[in-house]
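Please find the structures below.
Next, two complexes with chain A in common: one pairs it with chain B, the other with chain C.
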Partner chain A sequence: MSGSIVNAGPRTAVSNPPVQDMPSYFGEQDLVRRSATPDLPPPARQLTPVAKLIDVSKCIGCKACQSACVEWNDTTPAIGENVGVYTNPHDLTENMFTLMRFTEWVNPDTDNLEWLIRKDGCMHCADPGCLKACPAPGAIVQYTNGIVDFIHENCIGCGYCVKGCPFNIPRISKADHRSYKCTLCSDRVAVGQGPACAKACPTQAIVFGTKEDMKRHAAGRIEDLKSRGFAHAGLYDPPGVGGTHVMYVLHHADKPHIYADLPDDPRISPIVQTWKGLTKYVGLAAMGFMAVGSVIHGVFARPNRVSSEDEENAEKLVGTVAPQPPSQPEERG
Partner chain B sequence: MVERIQPGDAVHPGHPVTVNRYGPTTRANHWVTAVSLILLAISGLALFTPSLYFLTTLFGGGQSTRILHPWFGVVLFISFFVLFAQLWRANLPARVDIVYLSRIKDVLAGHEENLPELGKYNAGQKGVFWGMAFLILVLIVSGVVIWDQYFGEATAIPTKRVALLVHSIAAVLIICVFILHVYAAIWTRGTLRAMTRGTVTGGWAWRHHRKWLRDLVGQRKIGPAE
Partner chain C sequence: MTNAWTDIKNTDLVVVMGGNAAEAHPCGFKWVTEAKAQRGARLIVVDPRYTRTASVADFYAPIRQGSDIAFLLGVIRYCIENDKVQWEYTKAFTNASYIVKEGFGYSDGLFTGYDEEKRDYDRSSWDYVIGEDGFAVTDPTLQHPRCVWNLLKQHVAPYTPEMVERICGTPKDKFLQVAQMISECSTPTRTMTSMYALGWTQHSHGAQNIRAMAMLQLILGNIGVRGGGMNALRGHSNIQGLTDLGLMSHLLPGYLNQPTEKEPDFETYMKPRQFRPLRPGQTSYWQNYRKFMVSFQKAMWGEHATAENDWCYHYLSKLDVPAYDILRMFELMNQGRVNGYICQGFNPLLAFPNRGKITSALSKLKFLITMDPLETETSRFWENHGEYNDVDTKGIQTEVFQLPTTCFAEEEGALVNSGRWLQWHWQGGSPPGEARHDTWIMAQIFLRMRELYRKEGGAFPDPILHLSWDYKDPHEPEPEELARELNGRALTDLRDPADPNRVLVAAGRQVVNFSQLRDDGSTMCGCWIYSGCFNEAGNNMARRDNHDPDNTGAYLNWTFAWPLNRRTLYNRASADLNGRPWDPSRKIIEWDGTRWTGYDVPDIAPTAKPQEVGPFIMNQEGVSRLFTRGLMRDGPFPAHMEPFESPVQNVFNRKMRGNPVARVFQSDVETFGDADEFPFAATSYRLTEHFHYWTKHNRVNSALQPEFFVEISEELAALRQVANGGWVRVWNKRGSIKAKAVVTKRIRPLHCDGKDVHVVGIPLHWGFTGSAKKGWGPNSLAAFVGDANIETPSSKAFLVNLEPTTAPGVQS
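Up next, the complex of A and B:
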């Protein structure tokens, strides 16, 4: 981690930000992927990967992070309705980028009721399905530090990202028809601050830093959990999506699905892969083949013309039957 | 099997003979279908591959392309199925279609003297007709599934993924069928006027759809000379 005066990248969310103005330490030139932009020039430098680590075992479900997220991103989630569960609102929305999901789970080994609380939100996948699916150039970008961000002015509201995401994260606004999700507080991170949610967390269940540091921190936490009887405690950094830049420490890492359906082995759906891969190339080839084939046939085969003989034959055929008395030609409907 | 004569089809003696093939409503409907299919293909291709995204400018940008595309689809669906109701009987398969298809080489080379006498439609035209009908059905159903603005809540994400894949494959196929249809109409000279003026010459009917011509003459569907 860098503590130098120049803005060299990630800081923890705990330390207070410097008071002097800071230029953004990453930008346009640091894109490693850009939606619908196959010819993106490779970035000149590789930034230190960052990560947010969410320790589920330390979360007390206070939702300070949710409030901080709303506050920082200046969203206005609708006033909800209590249906008898703590999860509120009931789902992620275009105005609620993160959501505490509460699950009551009876551990079959101990017969204990465990109250599982998972902070849901974008995982900032190294291999983002949202970006893969997006048809609009530059609507979704990925920086070399791992942050996946939506650039709303380029978004067309098609909702492909929703189908591409293995975690069911993006939401399309009914008001402006653009897609929204957690930004990993890219605007804060860019100027050396940690994400708002991490900053607000009273138990430091949410921490932020370089991905390496976060993995090391997680290892310590996992060791502690194991020593206290959680034999299957572990880190959730799913390899199916190339790892994520939002990771969880889970006390039951052998069964992520108990945490409000966190996918056990997330990956971009093969259907989405086929749609964006094979179908596109074979499809373009097929349409091209038809078009080129037609042109070639048109050039080499003589046009299929009606001959004067054909006309005479028709006249003969019609002439064998006496025509009806002539009248005005009628238009038919 | 005697084919039922399509209402409105008639022969007019003259030099050359003219034959009514499509009435004004069928023609108007055909062109609505054609225009909406072209708009659909362009707007759909824009979202299909980044290299064609620039086509969205024709529709006023990405957002409006996203809004318009499904509506073009609704227009196509309605106009095509009116057309379908008008033409399906004449497109029912016949035994002669098999003979025609088995001599596809002669078809491509324009050796029509080696082909059997055909009714109003040949097997290729019937294929285009039923292919279009099937693909348009697939496209409208899969299209509604991914029309999130109005039907977003109706289906789950895994269903929508399948719909996206099916929609794109069907779209590729219908564009191929479309190219075939347009090309065949141009290559077979004298065909386009059937969909513009509504008539073809007797020679055209004699050459390409002799059985249709004979049926019209035989059933005395002969109108005034032109």
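Up next, the complex of A and C:
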């Protein structure tokens, strides 16, 4: 090493991150998908895919991740009320990108209570339904390292991303009519830091690194859980959305739904599946029109709701096969 | 903690009982997940509620709050019955073989010598037989019927699994599963750690809860070893420092005793504190008491403290009662016998039991000073907040001075963690507004008072006029100056007794550690156990070298641990009688033929031969105590005692209420309720989202857990027709509160002594100041009675009634 800090790309949040300023190791040039932009030039390189692994069996439900998320993203969730549960706020909001969901589940095999605590938030799907549904050019992007990010200045607040998401994650702000969700702390990751939630997690239930490393780490955890009697312990990396860049270690991987309705087999809704097939030029024109219309609509009127007419139009735009992301040899950034 | 947080990673079995480490100590809990992930350690949780800790446990067993002694004596009985005892350790390192006096006995829930009138024991029979040579008589074969081991076997005999189920409500099969898992740790190569907190201390028999587990750990050979120990998780970042520095009315720094009226002069005070060894050749380290005491007095009064005036012993106040603990202070305040009160970093209006009594007491003061970074309920006790603080402001004449102080991040200094590490920290931000350091405020009060005494005299000005106060800036002593005083220094040249020409420490230099302290006035030391923290090598508390050779978890160059930077107390016991580690893979120290060497600072003289000197050097016996002689007020063995307010009677003595020797004030007896009127067993606790009454001032924490609630089982909700998320009223003779109901499967009714016991869980984070929604805390309802030995309030077990109601401010 010559003494200068080399940005080696993804690091686990456990290791002490660099304190020196360093250049961002990925950016615009690393986009593999860009919403409503079918002619996106293929990226010149493939970054190492990253992932956040949430080990539900190590999680103590302390909400440090929620707190760190609020602090890092500088949001102000409302002080609500107690409605008889520990889940607070009661749902994801435009000010709360991650949420601990608590489920009391009696295991029918043992008659023992299990308190299942799952950190909910964006899964960063390899095949992102939100991005595919999004009609606003560049409002949702995907980097070759797997991060799916919202670019808020391009967002028209139409809410298609909410419909497109198989996990029901994005939330539209009532204040600025834009869509918000977990960014996997792309701003932190780009400069060698792990996501804020992983950094704050006291038990390392949340870890971050390359997807390959995370899968290896998960394998060790699953082995440990099996030794403790959880025969169906496993990794949640659902193939229906091409795998995800946020994964769970579950004690009961055979029934994800017991964890506060985590989808057993998530898939992008048929509406979006058809939408994604639109032909390049028709699609571009339609989306350009819609985007402009929506922006004007957003400026002069408040809600940017998707009308049923929009939905119908979208369904009419039937095409064939979507352009596939370029396949590039893996390169460690 | 006998061990350190970082040592928990070395364990095979974690037992969390009397605490909720994941919930209340989430950062420290990482070492449990580390032990589980790296060593395959198992985690057991025993608690009235299925807690956040239970959610990651390998096994959970329910227990009725306040019945832990019965459970633990049941486990001891199980281990003895099934020969799951680390025999070599038990025989060599405990007092199992010591012969107890004839006359000592136990029946009907009481030990010998009980005086119902005085609510106290005559403890004279609770002692060893002392031989003609002045030493305790022992029978290493354990055949003698009066040896501690045989008395212990007899004492635990009634605690069968059936009896445990009857008292604790723990189903027999679950109890047996826990007992079996624990008993496996009796081999020299398996260790268990006990992690506990206020779930054990906040009972009228709190100290005995801890004793019971300590005894279990001793017979399993788990004290002094890696991954073992009795690990008290402290509730605040510096509560360990508070007790170390003697911030209790009956203690001086370093666990020296405040003198009493029966000790009018120094020699009378010192006479019962000779600590002669009870067995030949034993260390009995408290024999150095006089050195520590004289050095403390020299730290207080410097040149004024001389041999001729007993080192200013007459300056020290003498207690006329066992202690002016906080319960006693508020009782006196409520009787109108206290004029002024300084609340420094303390919020008694929410922290102490029977809030009604606390409000009444504060209203009788002439003045109240609060020092706190945040606005506390105590500082606004006079302010009407509707139902949440329904006081008649006009009727309260107390003058309140609210002094804003800095918080930990705005000041420099050391905090002592649960593992006895004195960790120096640096100022991270500037204090807002008029906030000042506590040291500045205290210095201002002192300097002004001293000036008044100088001008006006007074009954006894000397202790104040002569107090050592030689700081660079008398108005604000620096943290480093204070730390150097705690370490101590030589006042004259300290010479080698063997070679008077050799100066060991020159006058004015810091002593290396407390081994250099003397009782002839040539040294001063503010707190002997901290000595070594800031010597001529510098500020050892500020060290940040995290190297850990062979990953033992010791981290000897990270900060400073008292005493002497030792990380695991009693670590001599990690090796067998010949000085070889019980478990070579978890060596701490070993005897190399001439001295003790290893990863930690040996807890024994470095050249003390292993077969001659016992590992428990602070005890006169040199061994640990399964039988504590007369050192505890409520018995030499723990015995089952019910809380003062209990849903069931004591099965061993139905007449006995609570701890038979706990102090109870007459005015509080009237506020006790019984199970007919108040059928439900309430308990109090923290939630991870909040830290005490601080974080409700923070918007983020408040968003994560916004509103006061109580937790009840689905069965109790059905019984009282309470809806999840609906409002309930919870009350007893001391108070009435309203809360949202969280109806949960995590609490289930217990079946105890033939009846169903419903548990009501009451978290403690809400009040009427801050960002979170206004609410109450469990202290409105808890009983005003403390532990018999140390007066910790028994906030963990009391009775309540419960019914559905409407929101505060809304008429039903």
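Basically, the second predicted complex is superposed on the first by the 271 of 333 C-alpha atoms of A that agree within 3 Å, B and C clash if a C-alpha of one lies under 4 Å from a C-alpha of the other, contacts with A are read in each partner's own complex, and residues count from 1 in each chain.
Note that a contact is a pair of C-beta atoms (placed from the backbone, for glycine too) under 8 Å apart; a residue touches a chain by one contact, two chains touch by 3 or more.
Bear in mind the structure is a predicted one, so any value in this text is a computation, not a measurement.
Visitor: Have a look at where A:S269 lands relative to chain B and chain C in the superposition and call it first, second, both or neither.
Guide: first
Visitor: Based on the superposed arrangement, let me know which partner A:I79 touches: chain B (first), chain C (second), both, or neither?
Guide: A:I79 contacts chain C only, not chain B.
Visitor: Name the chain, either chain B or chain C, that contacts more residues of chain A.
Guide: When the residues of chain A touched by each partner are counted, B comes out ahead.
Visitor: If we overlay the two complexes on their shared chain A, which of chain B and chain C does A:D224 touch? Say first, second, both or neither.
Guide: So A:D224 only meets chain C here.
Visitor: Would you check which partner chain A:V70 touches, where first means chain B only, second means chain C only, and both and neither mean what they say?
Guide: Once the two structures are laid over each other on A, A:V70 reaches chain C alone.
Visitor: Mind working out whether A:V106 is in touch with chain B, chain C, both or neither, as first, second, both or neither?
Guide: Only chain C; A:V106 stays clear of chain B.
Visitor: After lining up the shared chain so the two structures overlap, which partner does A:I156 touch, if you call chain B first and chain C second: first, second, both or neither?
Guide: First partner only, chain B.
Visitor: Can you name the residues of chain A that touch chain B in the complex?
Guide: 36-38, 135-137, 154-160, 162-163, 168, 172, 177, 269, 271-272, 274-275, 279-280, 282-284, 286-287, 290-291, 294, 297-298, 301-315, 317-321, 323-333
Visitor: Please name which positions on chain A make contact with chain C in the complex.
Guide: Interface residues on chain A, with respect to chain C: 57-64, 66-67, 70-71, 76-86, 88-89, 96, 104, 106, 112-117, 202-205, 221, 224, 227-228.
Visitor: For a test of understanding, state which residues of chain B touch chain A in their complex under the given definition.
Guide: Touch residues, chain B against chain A: 8, 10-13, 15-17, 20, 23-25, 46-51, 53, 56, 61-63, 65-66, 108-110, 112, 146, 148-149, 152, 157-158, 160-162, 164-165, 168-169, 171-173, 175-176, 179-180, 183, 186-190, 198, 201-207, 213-214, 217, 220, 222-226.
Visitor: Mind listing the chain C positions that touch chain A in their complex?
Guide: 22-23, 26-27, 29-30, 33, 36-37, 40, 42, 50, 52-56, 58, 60, 688-689, 699-709, 723-726, 740-746, 771-773
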